[in-house]
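Common to both upcoming complexes is subunit A, partnered first by subunit B, then by subunit C.
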Partner chain A sequence: MTAVYRMPSLGADMEAGTLIEWVKRPGERLAKGDVIAVVETQKGAIEVEVFHDAVMGRPLVQVGETVPVGTPMAELEIEGAPPKTGAAQTGEAAPEPRETAQAATAERPPATESRAERAASGESRHRASPAARREAERRGLALDDLKGTGPDGAIVLRDVSPAAGKAERGATAAEGPAPRRGLDLAAMREAIAAAMARSKREIPHYYLSQTVDLTPAGDWLARRNAELPPEQRVLMGVLFIKAVALTLRDFPELNGFDRGGRFEPAAGIHVGSATAVRGGGLVAPAIHDADQLSLDALMDRLRDLVARVRAGTLRSSELSDPSITVSSLGERGVDRLYGIIYPPQVAIVGFGTPRPRPWVLDDQVVPRTLVTATLSADHRHSDGHRGALFLAQVGQRLQEPETL
Partner chain B sequence: MSAEPIETTYREAVREAIRDAIQRDPRVFLMGEDVGRYGGCYAVSKGLYDEFGPERIRDTPLSESGFTGAGIGAAMGGMRPIVEIMTVNFSLLALDQIVNNAATIRHMSGGQLNVPVVIRMACGAGRQLAAQHSHSLESWYASIPGIKVVAPATLEDARGMLWTALEDPDPVLIFEHVMLYNRTGRLSPDTGPVPIEGAAVRRAGDDLTLITYGGSLYKTLEAAETLAAEGVSAEVIDLRSLRPLDDAAIMASVGKTHRAVIVDEGWRTGSLAAEVSARIMEQAFWDLDAPVGRVCSAEVPIPYPKHLEDAALPQVPAILAAAKAALGR
Partner chain C sequence: MTPTETTREQLRDAALEELINVAPDLAEETIPPNADLRETLDLDSMDLVNWIAALHRRLGVDIPELDYPRLRTLDATADYLAARLGG
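Right after this comes the complex of A and B.
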């Protein structure tokens, strides 16, 4: 059957993207997860992936064209039986960009199946006005995520876009400068501003902090790295990510998304690793299933991500999938950081600079390497009690680095 | 150089339009019941008989089918008749002439014969004329291919539409709402002809489109004024032409405001409001942020008692309620 590939949403703050390059040509085979095209966004040139095994069909968007999220970009010939989702019924490969972007990354049957079931039973039929539906599709927002303020809770235009009721935006920016690979730092700054302002406005953050003795982990890491060439050494930041990822298995309420006030647990533990961009700017691309990766594999992923963040060549799933963010300002010398949650995530974990400090151990004041771990979490979906247990477990895991 | 605007009534504007047409074109004449010596049931033609004589201002027998047919024949023969039918309910007696002859002859003669007749009639309720003289049947005529239907609501349109209608090679029906005849305003004496196609935006707004025509225009404008005081910016569209409908103007406005309410004195079932609503659904569905609302007359024969007549017709509070429903308030 013929379906269409649509401009995916790579985050709540993305409205449109510019096609830079078709990686596949008409007639070429695509496996699920293959990169089909490169799209320029505020976060750089992103390699966007397909969500089905398919054959590339006719392109519907020209290279250089800027189109809103949700715009059909190419026809796809899907092989075999159509997948049982609401998407398939309408012949669309990606009716809701967020949903399909998630589906791209992996085997996450729980999320997709429950959605499919709801679609089948008709429960996912939202009361939403035509104008609101169109605007939501254009922006790549799922109606699930929106709270309706119209009659009987219907989703109306103002719920999707506060400004849309007044004036229609131009759909394309054809007159802009020629597209190029790389980062538009000004646009990225705008995107960060929008996301962070929304976070501070809407999310009731609570903040916890815990000092962790990092001496065992530091010693263990030093021994492990001693015999390895520099490119194979593992950084402390990787231990942080792994400790957080493993702990999240016991704290699902911190690993997921706020969807219109409701919590949706993520199907995997995809840790967004906050990465500074030279010249200003910040991206937190996902390390997928971080809890299942060895430290070496995690280190490889992190190196690769950092390099690609700097080159501006991330993949779509890396931007849309993070279920929590870990931010580490270890090299900057600050003692601790209190992060601002990146919506629609519900938590961010921060690590300050590990330093030698006086510490009481067995009734003795001794010099130890200490780090302050913090948690900023969404009080709508978790409470300080659970947050405290979470931080304590992260600290505990760092006492036993060999188990990471 | 434009002359000073003068205070005038809708009735006088129509009369001036007839006088102007008769003076301009020797083929133009007015015919109808009591239009001559009596000066017209609504006094529109008062004084014209004395001014132009019985050749140009012709009293007819009480036979709508007869004199409307005579008007159609005269038009086919090269004249430019203005047929006045006292009120729309009497036009039902001329329905065969209008629907079977006027609307079809150009088509059935393969374009050899056209019917440049203009038929004016009074319509609408509000003057306690009871169930048989208070109809709004213009939507019936607006469903007939082959004729044009206009509803001048302003002094300018009342003054300017007649000449344009006479120039049109096809039959044009002009509906004059009875509650408009006494409306006063200032009109420049050199006001010229106006187009008989296309709607007019009578008030610009962003939040909601109120679509109306004829006698309901001023109630709708009053409602828009009240809404403005409450912070709601309503756009008011006067359809002016009921056939053809100006789809582009309607959709442009709905595309901007995403909400529409149609105010129509006709009965709801099969009304012009129903047609406009259906077109919005067909052409602007994805722009809609709320169901299209309608404010129409109650589906009863229009009552005689004043309070019941008022209750049966679209009034400002009902327009406000429909507007607020569309706004989700």
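Right after this comes the complex of A and C.
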């Protein structure tokens, strides 16, 4: 049967995406979770994945074209019985030349999206994609001065932005992988602004904080790491994520999504790890099923995610799936942070800087390493009482690091 | 140029090269040898551990966790590595 692959939503703040590259050609097999295309969003170039086993069909969107979330991008043949996915997964070691895909996209029907957009806005005699308009405005270029190379001479992103044009040329070249655009920090700023403004407008946050004695976890981790080569050492931030993930098993009301005022629990515990982008910006890609991963596996996943944040190559499921966010500003010296929930999530956990402080233990004031854990949660879906129990359990788990 | 200076410079270059490998977004920055890597370059703890692991792989130098704070700048790192290598 024929289905369509649609532009996925990679977060509440995403309205549209620009196709940078088809990773699959018509006729190629895709297993669930395979990357079908690279799409440029405000969070950088994202590898988007399919949700079912399928065979790639006719592309419906051209490289360089910007389309709204939900727009059909390609036809997919879904077979009744699962195809030989093993062969599909192993058979793609060598990158295929892309002429075929290019030929197919050249034959596609005119860009109905940009036409609809133009009709809706009714403001311009120029045919131009929304991304091209926005980029032209940002660069202070007049559409009159630009030559359109899109369908029927429409002005598309590559006509405005040299960087996007370069990416496209790379994608259509027969040899080698396409060069990826780095992160557009201005666009990312806009996305953060939209999401955070919506969060503060719509979500009634409550905030809790708790001081946790981190001495046992710190000592345990130092002993463990001392015996290991650098590449196998684990960061304290990984213990934080694991403690939160395990605790969420008992607090499903903090792990999920607000859907129009109703709570939808998440299928798994997918912890978004807030990662600062140098130059300004923030993403919180998901570590899937964090509660089921060992500390070593979690560290590897986190290492990989940070590397791909730096390189600007995240996957769609990592952006759309987080069911809660954990933010550690621990290295920047702040005592605590009260996070703003990233919609449609319903909670964010923060950890401040672990520091030596006076602490009362067995009626004695002693120096201990302390950290302040905080919870910001959506009061529509949970109450402070449960939130307090949650934070207490996170703190308790950190007293027994060997159980993490 | 004395052999020691050569070694120190080579170590500093190696440290810089590995730094760019783990933080490719810094490739176009000018990184002064005495710049504080955390403060000036905004390296986070994951960048630092990846960098230290890369130095360990490349040079075979063990760098205990307690010594991480000593790798504050490229110059300091070159000095530290030279000492660890028995220079």
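In the analysis below, the second predicted complex is superposed on the first by the 304 of 404 C-alpha atoms of A that agree within 3 Å, B and C clash if a C-alpha of one lies under 4 Å from a C-alpha of the other, contacts with A are read in each partner's own complex, and residues count from 1 in each chain.
Quick note on the criterion: a residue touches a chain if its C-beta (ideal position, glycine included) is under 8 Å from a C-beta of that chain, and two chains touch if they have at least 3 such contacts.
Note that this is a predicted model, so its numbers are computed, not measured.
Of the two partner chains, subunit C is the only one touched by A:225; subunit B is not. By the document's definition of touching, of the two partners only subunit C reaches A:306; subunit B does not. In the superposed model, C is the one of subunit B and subunit C that contacts more residues of subunit A. Using the contact criterion defined above for the overlaid structures, shared-chain residue A:355 touches neither subunit B nor subunit C, since it reaches no partner. Touch criterion met: A:278 reaches subunit C, while subunit B stays clear of it.
Of the two partner chains placed around the shared chain by superposition, neither subunit B nor subunit C is touched by A:205. For the contact definition in use here, the subunit B contact set and the subunit C contact set of subunit A share no residue.
Against subunit A, in their complex, subunit C makes its touches with residues 22-26, 38, 41-42, 44-47, 49-50, 52-53, 55-57, 62-65. Across the complex, subunit A meets subunit C through its residues 182, 222, 225-226, 229-231, 233, 235, 237, 275-279, 302-303, 306-307, 310-311, 330-331. Subunit B meets subunit A in the complex at residues 206-207, 255, 258, 285-290, 325, 328. Residues of subunit A touching subunit B in their complex: 129-134, 149-151, 154, 156-157, 165-166, 168.
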